[in-house]
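Data first, discussion second: the structure below is written as structure tokens.
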Amino acid sequence: MPEHRVDGGDELTDQIQEGPLRGWVRVDRQGPSHPFQEGLELRDPIWKPIGERLERTWGWIEERAQGRRGTACLVEQLEPPVGDHGGQSASKRGGIDAQPATEGDGPVGVSVAPFLELTEGTMRYTTRVVTIAAAGRTRPLAATQRHHAITASPRLGLAATVARPIVRETTVAALAAEGASRDRSGHEPIRPDLWPDDHPYAHRWGLVIDLNACTGCSACVIACQAENNIPVVGRDEVRRAREMHWMRIDRYFSDTGDGSVDVVHQPMLCQHCAHAPCETVCPVLATVHSAEGLNEQVYNRCVGTRYCANNCPYKVRRFNWFTYRHDDVRANLVLNPDVTVRSRGVMEKCSLCVQRVQEAKAEARRLGEPLRDGDITTACEQSCPARAIVFGDLADASSRATKLAAGGRHFRVLEELNVRPGVGYLSVVRHRPAQGDDKRHG
Amino acid sequence: MVERVAAAAREAPWVEVDSLSQVTEDICRPIGGRPTVLWWVGFLLALSVLGVGTAAIGYQIATGIGTWGLNRTVGWAFDITNFVFWIGIGHAGTLISAILFLLRQRWRTSVNRAAEAMTLFAVMCAGLFPLIHMGRPWLAFWMFPYPNTRGSLWINFRSPLVWDFFAISTYFTISLMFWYVGLIPDLATVRDRARAGLGKRLLSWFSLGWNGSYRVWQRYEIVYLLLAGLATPLVVSVHTIVSWDFATSVIPGWHATIFPPYFVAGAIFSGMAMVLTLMIIARATMRLERYITRRHVDVMSKLVIATGGMVALAYGTEFFMALYSANQYEQFVFMNRALGPFSWAYWTMVSCNVIAPQLLWFTRVRRHLGAVFAVSIFVNIGMWFERFTIIVTSLHRDYLPSSWADYAPTSIEVATLAGSVGLFFTCFLIFCRFIPVIAMSEVKGVIGTPSAGATGQPERPPERLPALAGMEA
Amino acid sequence: MRTLVGVFEREEDILQATDAARRSGLTILDVYTPYAVHGLDRAMALQPSRLPWVCFLLGLFGATAKVWFEYWTTASSWAIDVGGKPWNSLPAFVPVTFEVMVLFAGVSTVIAFFLVAGLRPWRKAVLVHPRVTDDRFVLLLEQTDAAFDVTQVSRLLERHHVVHIEEREMQEVP
């Protein structure tokens, strides 16, 4: 087998040699892309499928992949190493589990067991030498977030070239200075109002999400999906940007200037705005604001005009484009009986686990006790290993969420729109000096 | 009366006919007999396209909105583009019928019936789309506030879609009544020429026993004036309300106060172009060249230039406001429109709406019917792309880049658009077949009573009786 | 009743003939024209119509009723917090109110017109002349009493270029 080393820093452009292969290899890429062609700025040193034309940027490859024919390299078969781990018959020489990954039912993926080695009790994954070659086929890839530069060309000198203030980062030093002076300037927006704010709230349920703690592990996304019976739509629909996740993790990258990349993971979900743009435009009152600060979606009333989704600046609303199948009786056992399964043509979105809120309130009433902070946990809060998500009553001065919201790191996304979100974020704190905003992109 | 006849003598006649009966004859001729081959070709073509569209819509309603190309970011595309496009086309008909009536433009009588029919069919096509774009269209009746056992749960009067619902239904009702009231005397004329049979019975039914009595004419004229006076603010208000679907949202590129006048001007612009398209075909195929003359085409082309200029000004204003606003989201939207993945739609829109109509400044072009026809087609295409650009480019890249997405139409959406065009032309061709295309009584009213052999000039001057000196026309 | 039918070919003639007939004290039952000849209402001394009042008053009623209904459903019957908007969202109520005003005004005017003018789908049209919907103008005079001199009236009409005169017996005015 021809040899080729694969490790960090290699440009693989000129080094494709013969021999079939299946597997993941590491890719480095260079150079920012033009902002109006979707360019990936990611310098993530993680395993990714590679493309035929390796001299292109990664972003180009993924851009070509999203929604159009991708140029990912698919390997036809796996060749086991020469000294294979006993028991492999000659008939398997051509490949282990040599069926290509199929779409639909059936085994997906391929076993890479022959490439692994168990040495002194640890599993070693990088023992083999592999070659890479283009398979001559293309396969479209699916991704829920494409990569774009936030800024336009700075040469234009316009406001549009300034990075969007969606995530905030600060440094330890700056935070200490800020804390000392209790100066939150830059975080307090101007809040003009045309009418008096006279809608009283018994409670005001909200979330505070600590971006510093969030690792982007996506446990919250999956927990939300399980709790709320969110359908799995499949790769083809995800390629058409129709994923149904109520919660998503947005990634924002910035150059550190020394060849590395900083990432901020921002879980994005319905912000439960007090001045929700979605509520005003629903013709049939399918989305309204509860007296406890929740933006409610009434599935039975929704006729599916999708105006609410268009008007949401955070784009957190999800529409049921088809009837997602729930006719498998056994598969239906995973459904949460406390949550409706939505029909075709109905809009859905994060409800701050209103079923859990109602359950806790009913329980408190039954026991004759007042509702305490911590009685209610949303699915995302419950599943977060870093405890980055905090649910609480923002109208209760003693709740943990309110205390976090009053802190120096607290901010809201797109606050200048005056939609008054009920979800707040705590900015990221780094040891390094903060990067210039013009270097951020996501 | 004297002044009126004198005025008619001063202004060259718009319609070149010799007598009132010639008007009746020319306009009723296509109705009575067998339809021409050309009509059959057009009708069958339109009907088959309509059939394709109906199948597409049926499939989409049965299977889901997912059969379109929409996604979590771009929630509206072809559906609402088509809706605004067709409503816009309808507005020119009402302009010609109502506004030009109030402005006493005599040339309108040759085209107002067909233009108003165009409005009705365009509004029907438009009304189709809010219905089928819903995820659950069988519950569309929930848009109407009826008392119910759910509380009563009413509707959200703050929502622009509710305003749309009331505006479009009012517009359709008033346009239908306006068109029908204007049609009654002509239906009587056709009835009185018809041979006994089903046709004559239907005409009797719909002409409501009209017999030319002036006691009825007097009230008729008043009702016509009142309806014209009501329809005029309706034109402005309906498309303003449609523009508020976008202007009241928070999305950059939609949230613009220029939208009401911009949309109304654009509606009249696109509608005038459609009227020109239809009239140039109709005058040739139905041999109505004496009624829809080159002068009519000339005047309508001038309206196209005028409203096209307003639209071009609106494009420039939008762009300038975005630049001047220092709002980064707004600026990005405009840069994205011109340079991003949908720039091809944007530049189609600009070339069709701003550049192509400039040809109409030249008299030679305005008098050449083929050139005017071509420009009108370009304007229709450009105005469709204008709505597409506004809707899709603003939606697909808004505030948070993480949710930016692309959009591409599916064959179902294209078939639905084609189906709406098929519906429009099917209805229009049926209209041409069975109903007088030109308002005979109104044309007769503006030509007076020419003597045989002359064109519009009375043979002898009216007798100046002393009693007439104080009479007004 | 006995009537005299005068048929004219031109609008100037019918206008002047009608005016002359009215000034001569003749009873004009009606005038039939293929289009609305301006000035005939003065010549016939018709009462101005009250349809504009119907239009205005019913439009006003429609607007008032609608704005009340909107306020009642939004702020009183079941007040729901929608986007934090105030309970009394009067500016938002304006578009629908305006449209319903126009709808009420227009529909009521047309219905009133049909009722007052006697236009009904089942009404059989009685034409005083077969070409009255085409290109003839007809003046219908009543022969009120014995003093009605057909010859004198005919001469009056001939002064205005009448093309056909006929005496006719009819039960009611068409």
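Labels A, B and C are assigned to the chains in the order they are written; within every chain, residues are numbered from 1.
Simple rule for what comes next: contacts are C-beta pairs under 8 Å (C-beta built on N, C-alpha and C of every residue); 3 or more make two chains touch, one makes a residue touch a chain.
Because the structure is predicted, anything quoted here is derived from the model rather than measured.
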| item | value |
| --- | --- |
| Chain-level touch network, classified as line, ring, star, complete or other | complete |
| Relative to chain A, chain with the most remote C-alpha centre | C |
| Core chain by centroid distance, with centroids computed from Cα atoms only | B |
| Higher-contact pair (C-beta pairs counted), A-B versus B-C | B-C |
| Computed distance of Cα centres, chain C from chain A, in Å | 69 |
| Gap in Å, rounded to a whole number, between the CA centres of chain B and chain A | 46 |
| Interchain centroid distance [CA atoms averaged], chain B/chain C, Å | 28 |
| Residues within chain C bordering two or more other chains | 82-83, 85 |
| Interface hub residues of chain B, defined as touching at least two other chains | 153-156, 158, 162 |
| Multi-chain contact residues (two or more partners), chain A | 277, 280, 282, 285 |
| Chain A partner contacts - residues on chain C that touch it in the complex | 80-86 |
| Complex interface listing, chain B residues touching chain C | 1, 4-5, 19-21, 24, 145, 151-158, 162-163, 166-167, 169-170, 173-174, 177-178, 181, 184-185, 188-189, 191-193, 204-223, 226-227, 230, 233-234, 237-238, 241, 244, 440-442, 444-445, 448-449, 458, 462-463, 465, 467-468, 471-473 |
| Of all residues in chain A, those that touch chain C in their complex | 195-199, 273-280, 282, 285, 288-291, 420 |
| Chain B partner contacts - residues on chain A that touch it in the complex | 36, 66-67, 145-146, 148, 150, 152, 156, 158-162, 164, 166, 237, 240-243, 248, 250-251, 268, 277, 280-285, 301-307, 309-311, 313-315, 317-323, 343-347, 413-414, 417, 419, 442 |
| Residues of chain C touching chain B in the complex | 9-12, 15-16, 19-20, 23, 30-44, 46, 49, 51-52, 55, 69-70, 73-74, 77-78, 82-83, 85, 89, 92-93, 95-96, 98-100, 102-103, 105-107, 109-110, 113-114, 116-128, 130-135, 138, 174 |
